[in-house]
Amino acid sequence: MDAFQNLGFWRTLLVTVVLSALPLVFILLYALVTIYLEMKVAAHVQDRLAYMRTGWHGVLQPIADFIKLLQKEDIISVAADRKLFILAPYIVFMGTYGAYAAIPFSSIFIGAQIDLGAFFIVAISSLVVVGILMAGWASNNKWSIFGAVRSVAQMVSYEIPTVLAILVGVMITGSLNLQEVTKFQAGGIQDWVIFGGPLPLLQKLLITPFTVITFLILFVASLAEVNRTPFDLPEAESELVQGFFTEYSGMRWALFYVAEYANMFLVSAVAVAYFLGGWGSPFGETLSGPVLGFFWFVLKGMVLVFLQIWLRWTLPRLRVDQLMYTAWKVLVPFLFVCIVAIGLILVL
Amino acid sequence: MGLLDQRFENGNVFVTSLENLLNWARLSSLYQMQFGLACCAIEMMAASASDFDIMRFGIIPRATPRQADVMFVAGTVTLKMASRIKRLYDQMAEPRYIISMGSCANCGGPYWEHGYHVLKGVDRVIPVDVYVPGCPPRPEALLEGIIKLQEKVRKESLVKKPA
Amino acid sequence: MIETKSLPTQYASQPGPVQTSSGKTLRTDEMIINMGPQHPSTHGVLRLEIVVEGEIIIDVIPHIGYLHRCFEKHAEHMTNYQQVIPYCDRLDYCAAINDEHSYVLAVERMLKIELPERVEYIRVVMAELQRIASHLIAVGTFGIDAGAFTPFLYAFHDRELILDLFEMTCGARLLYNYFWIGGLSHDIPPQFVDKAKQFCTYFRPRIKEFNDLLTYNEIFVKRTANVGVLPKDVALNYACSGPMLRGSGINWDLRRDDPYSVYHKLQWEPQIGKGEMGTVGDVWDRHIVRMREMEVSLSIIEQALAALPEGNVQAAIPKRIRPDAGEVYARTETPRGELGFYVISDGSGTPFRVKARAPAFVNLSVLPAISRGCMIADLVLIAGSVDIVLGQVDR
Amino acid sequence: MTVAQFSQWLQTPGLNHFLLISGILFSLGVFAILTRRNAIMVLMGIELVLNAANINFLAFSRYTTGTLDGQVIAIFVIILAAAEAAIALAIVLNIYQNFNSVNIDEINQLKD
Amino acid sequence: MLTEFGKVFIFLIIGALFVAAGLLVAWLLRPRRPYPGKVAPYECGEEPVGDAWVRFNVRFYVIALIFLVFDVEVVFLLPWALVFRDLGLFGFLEMAVFLGILLVGFAYVWVKGDLDWDKPRPVVPQINRNPESHVEPGKRNVEVPVVN
Amino acid sequence: MTIDLFTLAFYLFALITLASAAVVVFSKNIIYSSFALLFTFFGVAGLYVLLMADFIAITQIMIYVGGILVLLLFGVMLTTKVISVDMRTGTIQTLPAVLVVSAMAGVLIGIFWTTDWKVSPTAVGFEKTAPRIGEMLLSTYLLPFEIASVVLLVALVGAAMIARREKKPL
Amino acid sequence: MTAEEILNSLKAKFGDAIVEAKLDAPQPWIVVNPSRTKEIAFFLRDDPATRFDYMMCLSGVDYNNGKLGIVYHLFSMVHRHKIVLKAFCTKEQPHIQSVTSVWATANWHEREAFDMYGIVIDEHPDLRRILLPYDWEGHPLRKDYQVPEFYNGMKVPY
């Protein structure tokens, strides 16, 4: 966005607003693609076809879903707390979309070049937590409350491993600004933080096992952050019907759904930016550039999203106490070890 | 406002194409309420499994009636269950459709005579859009029922019917 | 139309202490949740009224009867004994053949007729095929309960192959009306034997694949081991049967211990839970018993097909079946356990009384006892491991 | 102060404006502490007060000292607020378990 | 000039506007036919018994509490992580002390079992014994039936 | 009349903060109070940003919204008997409180108003606050920094100890 | 143990509580006093010689002569023997003692007997209807049962 600094104020504002809406377009397109992809991947895991009737191989299905959801009646149960029920999707979506401001889609495009980008993403995501609690509580439905409370407990628990894993990235890259973090790893696949970053060879060799573990932990924790299998307890159909949005119908529910898919990409994007070289090309200078950068970034993000989908259709689900066990007694201690080890390797 | 609550006096190109778009969306994306009653539910499950793959029609199971568009009443409706079915139907968001699957749901099936606790046809409590005969209907029959329902949805109109 | 109870515009929650339907007053931090009759994991229309404190289950009160289709009334009102068979099919719609088998056996015992060998062998083949089909539904839906959707579809795909075999035999996919009193409705088609053998060779590796995907999955084991433990003596006291009883480590199988048909001529062993992953009698044990029983069934089918004699498929029975006045209780091992028919005849052409002792009904009654203190997620698995079919529970 | 001055004042937010906001927030917090019976509401009041204090720290840091000390202190305040909220809520829960109420008056009466 | 945080704010506003726009379009299209049965709360087809707004397990609070403490810790760790390479070993040791003290707390809650969620505490059922008889039910029925 | 963006943002956030704080304080429903606190914290974070304290602002959102607010909400949900009337939080001694608080507010605001603060003419724009805060924490403020860890330790241990409850037998 | 031995040991223990027996039937049965089923059941379960630890089935029956009855099919996993117990009552005084405390499986079977035949099971821990709705009238498996025209506004016959 730096190119527009010289324009007049209002024009800058206008340009900013338009540019800020670009991630929204991305989210919508991405959501349509991913919803389709999710079912198609599932179907191919499961020996079947899934969507075939709407357009070629059902590619129009997500659009049909969307238009149908627009037509669905909006029910607010009499037992619900109306105000909070209506407010909740706003909070959730704002939390999700606000976080996209700090995602570096390309070397020339980042919504807001905050120095503390990663920290900001983590912080603003807590709006989602509050929104979910709000939605569940306002529904006044037992399944919703269970789902919301489970969801919140899960999200706050897994926020610690997420942040600690990001911290490892910060230690290596020395920055919270995702754009700078990406530039730090611009040298190609060997400079990615997952392989230790651009460090002297010895340090790199020492550090790589820890960074790989950290990346895996980040991926696992992000699965939990976005409620995906095997951590999909908040909306576990076989237990809690639909979790915190059991009472939501039509468009309100669709917005939660979009926010959920947007979150899937969000966590993948953070992992990509910190550990997989962001928009940097895996081949260093070759095949890099703003547009290709966007391509690489989305590609890497989608690979992680694809992994999430794949896992979802393969694994059973954990129980809530096992979930907490995993977060606090497995991931967090491992990360502390990683932090101390990496810190020692880096300062010595 | 609620366009779907309105009825236009007469259709023009705009209305009919809008109508086509909305109907197309509705018929292509019929979310199914995860709900089975009896024998037919097994065939319904078979229909949603790999071999028949109901999802080809855009049908996804949803666990809650709030997000569902179509309810397959698959199986015998007993008097004890009827009020629950009615309640679940009530709680579905409109537009909503019902497919009555199997003889029991259509008319009581083999239980029509001595079934003191069997409701003789689910249409006695909720309106049914498509009846799928059979005891139990094969999954293909259910798919046919879905296609019939889609045809019915396609013919829905925003224009007032001539009196 | 039902008169809808008009709700006040502001949904009023009942003031004062809340009571469960069995009359227990709740403590302050407990609440009642209705799981079902429409719930993805109650396998039909079971309603579990659960009292929870947090996620810990204090009490479970099953409410059944949402599918009470008056089987016993129908049995008394049919014009003859044969006409009851289709209703038996609809008891346990996942394993219709086994239900027919039990009823037919009861009536045949009353009539004291001998069946041709061929009939018995075909019955064994059919019953075991049906057992595999039924277990496939059970383990598949159990996978869904545990959150794994894919195994369900694999199971249903394989089940379709069995249904194809049934279809080529009697034209029906689910409810067959194939076992008749004194024999079968008609003989198996000529290509059946080959097809069935093909299925057996196809299906063995599939069981292993299924086990790799689900049964030995680390998360699945963590979820199911040591959950819903049903000790031996309690299982007996509750008269559990089938995989439920064998899962608790009791070596008991009616096919071997109360022999009927030609099971005693075949070589096989019942499978019991050994507590490999946790305690004997936990949910995982019940699951693995089902998985192993499928292999056993395959071996029974292969033996029975190999030994299949030629002959008639209908014994000489009177056109109008009139057993002497008297009563009989006959039981067979269905996929869910001991299905007994207690038939009283008053000498006329219709049964005086038919009581179906449904294994799912009996097994389900143990659910409250073994799920106390578990979490909601466990309850779902426990209910899944009982493998209920509501048609049989409610009859 | 004339209207024009006031309008000018309004248009140039500076230290005083932030102090004013902080003052109002502080008063609201104190009001909640003083008037509310529910212990958790009292806690919320305290959070408001602490927020008001932080605004002051940051405002002075920004407008007078020009160093980051105010910000560092603000971090410590936030940390203390977190610790305080944790402990206080734990106490509230404990009281609630014993008295089945978080109503300060009722607890006073129950104590006697 | 619009700062970077201004842009963030614009993002938030756009997020809210998107929700509003989506709901508005839906509002234009969707039917509205509420009646008492439809707006009744859903509970698997039954009428709900008791209110959903009951009190929750204290577990949730303890988890949130531990989270809060770690959250705060992260706030200290992040600035440290940005500069620790410049500060060298000394900075690392300072943070090690800080972390060490906190890990004591972590160890404490771990040992005391506060990190555990509500574990299921299954009640293993027992069979009834005859009140008049002196035979212990456990002993009597444990024997497995005879195997052929 | 043109208003620059800073002013606009200031009034916006001031409005959000004060309005939601008023809801917090005056709402009869404690759940509304808690959720209104979300907006107060958010507005205050906005004010922090205007005060060039980006790190503090994000910390504010992270800790207050993500931590303390969730904690408070759980506290409310744990203790509030919604079924009975307790959800509404009563007020006591409103009139004296109003007097005291308005007097205090008057004094405070009077002091703020009348004092001639030494406003530094070159209000520094802080760039990259976080690394500098990190440095300061590890040098100038080392002692408070380490003490903070002890405080957190005490808070964790103490709160966990107080909140722990013996498991009831079923 | 044969049915005769079981009958003898029961007679020795309970005497007049054993009303009748038919040992030559394919499945021999013994009729017992409906108000003493529990102690007899405890004896049959706990006595080392009988050890009927498995209740196969419990059925209510309407004999269409004013008599209702419950039939207990018992089985011993240890000794592999079977016996059928019966307890009769009249339609006017439909009371039979519960055996739920002996065999937990009897719980739901007895509720079903109550539901279908209106046999009041004394000492049952939770005697409610089980299959039919709680507000159902009548006991449908009685031979003289008339199907109601309406239930809750829904027409019952076709």
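By written order: A, B, C, D, E, F and G. Residues from 1 in each chain.
Here is the rule we use: contacts are C-beta pairs under 8 Å (C-beta built on N, C-alpha and C of every residue); 3 or more make two chains touch, one makes a residue touch a chain.
Fair warning: this is a prediction, and the values are worked out from it, not measured in the lab.
Of all chains in the assembly, those touching chain C and also chain F are A, E.
Think of each touching pair as a link: the shortest run of links from chain C to chain G has 1 of them. Chain centres computed from CA atoms place G at the largest separation from chain A.
Of all the chains shown, the one with its CA centroid nearest the global CA centroid is E. Counting C-beta pairs in contact across B-G and across D-F shows that the higher total falls to D-F.
The mean-CA centres of chain E and chain F are about 24 angstrom from one another, to the nearest whole unit. Distance from the chain A centre to the chain G centre is 62 Å, each centre being the mean of its Cα atoms. In terms of their C-alpha centroids, the spacing between chain A and chain F amounts to 28 Å. Per-chain CA centroids place chain C at a distance of 37 Å from chain E.
Residues of chain C in contact with at least two other chains: 1-2, 4, 7, 9, 11, 13, 28, 31, 33, 37-40, 55-56, 65, 68, 70, 73, 153-154, 157, 234, 236-237, 250, 252, 257, 366, 369, 372-373, 375, 378, 394. With touch defined as above, residues shared between interfaces to two or more other chains in chain E number as follows: 1-2, 5-6, 27, 29-33, 36-46, 48, 50-61, 64-69, 71-72, 74-76, 78, 81-82, 84, 91, 95, 99, 106, 118, 120-121, 123, 127-128, 141, 145. Among the residues of chain F, those in touch with two or more other chains are 5, 54-55, 59, 62-63, 66-68, 70-71, 75, 77-81, 83, 129-130, 133, 137, 148, 152, 155-156, 159-161, 163, 165, 170.
Against chain B, in their complex, chain A makes its touches with residues 39, 43, 46-54, 58, 60-61, 63-75, 237, 241-242, 246-250, 253. Against chain A, the residues of chain B that register as touching in their complex are 4, 21-22, 24-26, 28-29, 34, 49-51, 53, 55-58, 60, 62-64, 66-67, 69, 91, 93-95.
Residue ranges of chain C in contact with chain B, taken from their complex: 1-2, 4, 37-40, 44-45, 65-70, 73-74, 77, 86-87, 90, 93-94, 137, 152-154, 156-157, 159-160, 163, 173-175, 390-391, 394.
Put simply, chain E touches chain B in their complex at residues 27-33, 35, 37-38, 40, 42, 45-47. Chain D meets chain F in the complex at residues 11-21, 23-32, 34-38, 40-41, 43-45, 47-48, 51, 54-55, 58-66, 68-69, 71-72, 74-76, 78-87, 89-94, 96-97, 101-103, 105.
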